[in-house]
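Given below, in the form of C-alpha cells, are the structures.
Shared between the two complexes below is chain A, which has chain B as its partner in the first and chain C in the second.
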Partner chain A sequence: MKKEKITITVDGKEVAAYAGETILDAAKRAGIYIPTLCHHPLLSNTGACRMCVVKIEGTGRQNLNSSCTTPVNDGMVVTTESPEIKKMRRLNLELIFSERNHQCPFCEKSGNCELQAVAYRLGMDYVRFPFLWPKKEVDASHPDIIHDANRCMLCGRCVRSSEEVDKKGVFAIKGRGIDSDVTVNIDGRLGDTEVTKDDVAIQICPTGSLCEKGLAYSERYGERRFDMKPIEGPVEPK
Partner chain B sequence: MATKKSKPIVATCWLAGCAGCHMSLLDIDERIVALSELVDFSVSPITDFKELPEVDIALIEGAVANEDNMEVLKDFRKKAKFLIAFGDCAIFGNLPAMRNAFTVKECLEEAFLDTESTVNPNGIIPTGEDVPKLLPKVLTVPQVVKTDYNLPGCPPDADAIWFLLTELLAGRVPEPTEIPYRDFKFD
Partner chain C sequence: MSKKIEINPVTRVEGHGKVTIHLDDNGAVEDARLHIVEFRGFEKFVQGRPFWEMPTLSQRMCGICPVSHHLAAAKTCDALFSSKVPAGADKIRRMMHNGQVLQSHALHFFHLCAADFLLGFDSDPAQRNVIGLINADPELALKAVRLRKFGQEVIQFTGGKKIHPTGAIAGGVNAPVTDEARKYMRENVDQIIQWGIDGVEICLNYYKENVDLFNTFASFDTGYMGSVNEEGELQLYDGKLRGIDANGQIVFDQLPYENYLDEINEAVEDWSYMKFPFFKKLGYPEGSYRVGPLARFNIADSISTPEAGKYFDIFKEIANGKPVKGSLFYHFARLVEMLHATELIKEGLEDDDIQSTDLIHKGKMINEGVGIIEAPRGTLIHHYKVDDDGLLERCNLIVATTQNNVGMNSAVSTIAKSFIQPGKEITEGILNRIEVGIRCYDPCLSCATHAVGQMPLSVDIVDKQGNVVKQLVRD
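== the complex of A and B ==
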C-alpha cells in the first residue's frame, strides 16, 4: 500500500510527511534534531522518557506531546524548539539524573553514553533537585555482560529490543513508579538467561546500565563517540 | 584589601574533592601569568591565605561532606559576588558521594575498624571538636547554596576554565552551551 503524502509545518518550515508516521520521523527526515532517549528506530515507540516533547499548535492543549508517539496529521503545525520546550526537556533530564546514580567520571559508558550526550547538547550544567542516591544492584553474573541498575533510566529499550528484535524477551520492568527496575525472570540473574553480548538489547542501552565486559576504558578521551561531536540521534547496534 | 581595589579578587576552595580541579586551573599553563595580571588571588589552596575577604569570583571545588565543608561554603557564599560550582564533585557529588549508599557509621567502621590493613587495637574512631563531623549524606554545592555558575568536568577542562574566567572578567556570563562543545564534559 502506498503511503499517503501530507504536509506539516515544523518550526515554520513545510515538511513532507507520510500519513501515520510520527512527528519525530518526519522532523528527522527534514534534518531537524529532536532529543530522544527511549526512542530507537529499530523499536516500537513508548514515549517513556519525554525528551522528545514538542508543541502542537492549534489543539487548544496546554501540554506538550511526545513526538515519537504522536502521528502526523495533514496541516499539523509543530514547534520543536522554544524556551518552554527547552525548559521542560531540561527539567525532565534533571529528574532522570537525580533519580539514579548517574555519575559520569567513574562510568565506563562515559563518552559513549546517550544520556550524557543529550545532557551535553542541552547544556545541563547542574541538577536542581536533590539526588536520591538509591542503593541499586549490580548483576555481573553473565560472563560477557554487566547490568548496573544504578545507571538505568528505565527507558525500556532493552525490554523492547529483546522482545521485538532479539526475539528472546529476556528483560522486563518490575515494580511501580520510582521503584521500578529492569529485571530478568523476576529478580533472576542475567547469567541464567539466554541473552548474549551481541543482542541488540545490550548494544543499544543508552546509558551504562548494560555494558559489555572487557571494553571498559578501552578508548581514550577524544576517541569516544560524543567527545568531539554532539549527539545527532540514537546509536546503532554493532 | 580595603584600600584600593584595582583588580577583581578571585578566591578558590577545595571541599570534599581531590584537588584535580585546582590542577586543571593550573593547567591553563602560561595563561596563569595573564590571569594574575587580570585578577588578584585571595584565599586558595594555591596561595594559602587564611581569612576570606569580600571577593568577586569564587571557585568551589568538591562536594559538601562534613561540617567544615558546610561552614567554608557558607562563608564563601556570603562573601563572593559570583560563586562557581567547580567540577563534578561540587555539581553532581561524584566520588565523595559514593558513600551515600551507606550510613556514616558503616563508613567510619569500614575506615577505622574493619579494613584488613587497619591496626587499631583499641578500636578508636576519631572524634572531638577538631575533627569535623561527617554529614549524614554528602551534598552537592547547589544543594547547599545558590550558585551563580556551574562548570562541570572531572576535572573541568583548562580551556573551559580559561574561557569562563575571561568571559566573566569581560563582564559576560556565558550560557553553558556557549562553552566549546569539546570542553563541556562530565568526565
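== the complex of A and C ==
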C-alpha cells in the first residue's frame, strides 16, 4: 500500500511526511536533529528516556511530547528547539546522570557512549542534583560480554533488541520506579544465557552498561566515535 | 610546660599533610610527626570492578604522576593476562614513562622546590614560589616550563593525552607513535637534553656552595630500595628489586616484582592513615627504608646513559660509594634522573619498534598479579587478586610516598630538632625548613593520602594537655 504523503511544519520549515510515521522520523529525513537515547531505528519505540521531547502547537496541551512515539498529522506544527525544550532535556539528562554511577573518566565506553555524547552536544557540563551512588554489581560471567548496571540508564534497548531482533528475550526490566533494573533471565547471570557478543542487544547499548570484553580502551583517545564530531543519532550495530 | 606545634596544612605539596611538633617542658623538641589525615580508599572502592579498568581508573588518584599508576596497573594487567607484551608496546610504554619522569621531576624541582634554593629558605613567603622564581630568573623559569611541556608532549604522543592518558592497556598499548610525533620529538630532544644538563648544573653548583647544608639537613639512616637489572644498573620501567641497609649492605637483590611480599611488610601507627612499610628481615622500625631518586642512586651500581652517567659518578663520590643520607640530595638525584629520562627518550626515538603495529598480546587469565614501576617519587606497587570472571577481589597499592613515610617523618623530626631550640623564637623560616624536608620526598601526598586541594599553613603550639596555647596561621 502506498503511504499517504502529508505536510507538517517543523521549526518553521515545511516538511514532507508520511501519514502514521513519527515526528522523529519525519524530522530526521528533513535533516533536523532531535536528541534520542532509548530510540533505535531497528526497534519499536517506547518513549522511555524523554530526550526527544518536542512541542506540538495547537493541541491545547501544555506538556511536551516524545517525538519518537507521536505520529504526524497533516498540518501539524512542531517545535524541536526552544529554551523550554532545552531546559527540559537538560534537566532530564541531569536526572539520568545522578541516578547511577556514570563515571566517564574511566568508563571503557567513553568516547563511544551515546549518553556522554548527547550530554556533550546538549552542553550538560554539570549536574545540579545530588548523586545517588547506588551500589550495583558487575556481571562478568559471560566470556565475551560485561554487564555493568552502574552504567545503565534503563532505556530498554537491550530488552527490545533481545525480544524483537535477536529473538532471545533474555533481558527484562524488573522492579518499579527508582528500584527498576535490567535483569537477565530473571535474576540470572549473563554467562548462563545464549546471548553472544554479536547480538544487537549488546551492540547498541547506548552506555557502558553492556560492553564487549577485550575491547576496553583499544581505541586511542581522539579517534573514538564521538571525540571529533558530535552525535547525530543512534549507533549502528556492527 | 610541654607544647605541641602544628604545621597544618603543609604548603606547596599536593594533598593534605599536617605536622605536629611536641615540645617538652623546657621548650626543646621531644618528637615531630607528619600526619596524613585524609583518606580516599581506592583499594576499597575498586573492589568488584573489572581489572582491565585499572590502568584508566587508578591513575585518577593523581594529576602529577598519573602515568606511573597507569603503567603500574597496565603491568599488573599484563601479569593477570599472562601477556608477553610485544617489543613495540614495551618501548612505547617506556617512552611514556620517561616522559612522565621528565615532566614530574621538572615540576617537582623547578615549580615546587627551586624557589627555596634560589630565593632562600628565609625569603619572603609571598615571593618564595614559582611566580617568585619567574620574577627572579625568567630564563630558568622558561626552561623549566619547556622541559615539563616536552615531557607532557611525550606522554601525549605515546598515550593519547598529556594528563590521564589511555594508551597503555592490558597486554600492550592501543596505538603506535605517529610519524609527525616522532619527527617533532626528534627535532626537540637535543635541546631538552641540554636544558636537563643545565638543571643538574644548577643543583650541583648549589651543592658545592652549601656542602654542609646538604650533608646535615635532614640527614639520617634508613634502608633504601629501588629497581636494577642483572648488572645492577638503575632501571625505571622494569627490573628486579634491590634493598640495602643504612651501611649499603645488600638486604635482598634481584627480587622478582611478584615476590615483593617475601621482603616487605607494612606496619600501622594510630596517628596516620598512611602505612609504614619495612624490610621484613630487619623488622619495624629498624627495617624502614626510603625509595625514590636518592634511594635508587644509593642502590644502583651504574646508570646507562652518558650524560646522566657523569653526574651519577659524581653522586657516588659524595659518600665514597656508601649510601648518601641527606634528604637534599634527593633533588640532585632527581635532576640527574630527569636528564637520564631525556637521554632515554632520545634513544627510544631511534628505535623503529615505537611505530610497530604489533602492540597487544594476551594469554590465559590468572587470578593474581603484581605490577611494579619506579615512579618519579619511588617504587610503586600494584597488586591485584581477581575472581574467575576478572572482577577485583583485593587490591593492594603501595605508593612511593607510603614507603617514604618513615623518611619524611625522620626528616621532619631531624629538622625540628636542629632548628627549634628552647627560648628561641619559632620563625616562619624554620617552619618552611620543615616543609623543605617534606618536599625533598614528595610534592604530592595525594596518592598516599588520597587527598586533593591546595593548602595554607597553620602552626599550633599545644601543651601536654592538648590545649592550643599559640597559633600561627599563614594563608
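FYI, the second predicted complex is superposed on the first by the 238 of 238 C-alpha atoms of A that agree within 3 Å, B and C clash if a C-alpha of one lies under 4 Å from a C-alpha of the other, contacts with A are read in each partner's own complex, and residues count from 1 in each chain.
Everything that follows uses one rule, which is that a contact is a pair of C-beta atoms (placed from the backbone, for glycine too) under 8 Å apart; a residue touches a chain by one contact, two chains touch by 3 or more.
Please read all numbers here as calculations on a predicted model, not as lab measurements.
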item	value
Which of chain B and chain C A:105 touches, first, second, both or neither	both
Which of chain B and chain C A:116 touches, first, second, both or neither	first
First, second, both or neither for A:133, with chain B first and chain C second	first
First, second, both or neither for A:216, with chain B first and chain C second	second
Contact breadth on chain A, by residue count: chain C or chain B	B
Doubly contacted chain A residues - partners chain C and chain B	105-106, 221
Residues of chain A defined as touching chain C within the complex	105-106, 108, 137-138, 140-141, 146, 191, 213-214, 216-223
Chain A partner contacts - residues on chain B that touch it in the complex	85, 88, 91-95, 97-98, 100-101, 137, 140, 142-143, 147, 149-152, 154, 175-177, 181-182, 184-187
Residues of chain C touching chain A in the complex	48-50, 52-53, 55-57, 60, 160-161, 164-167, 169-170, 174-175, 360, 362, 389-391
Chain B partner contacts - residues on chain A that touch it in the complex	97, 101-107, 110-111, 116, 119-120, 122-128, 130-131, 133, 135, 221, 227-230
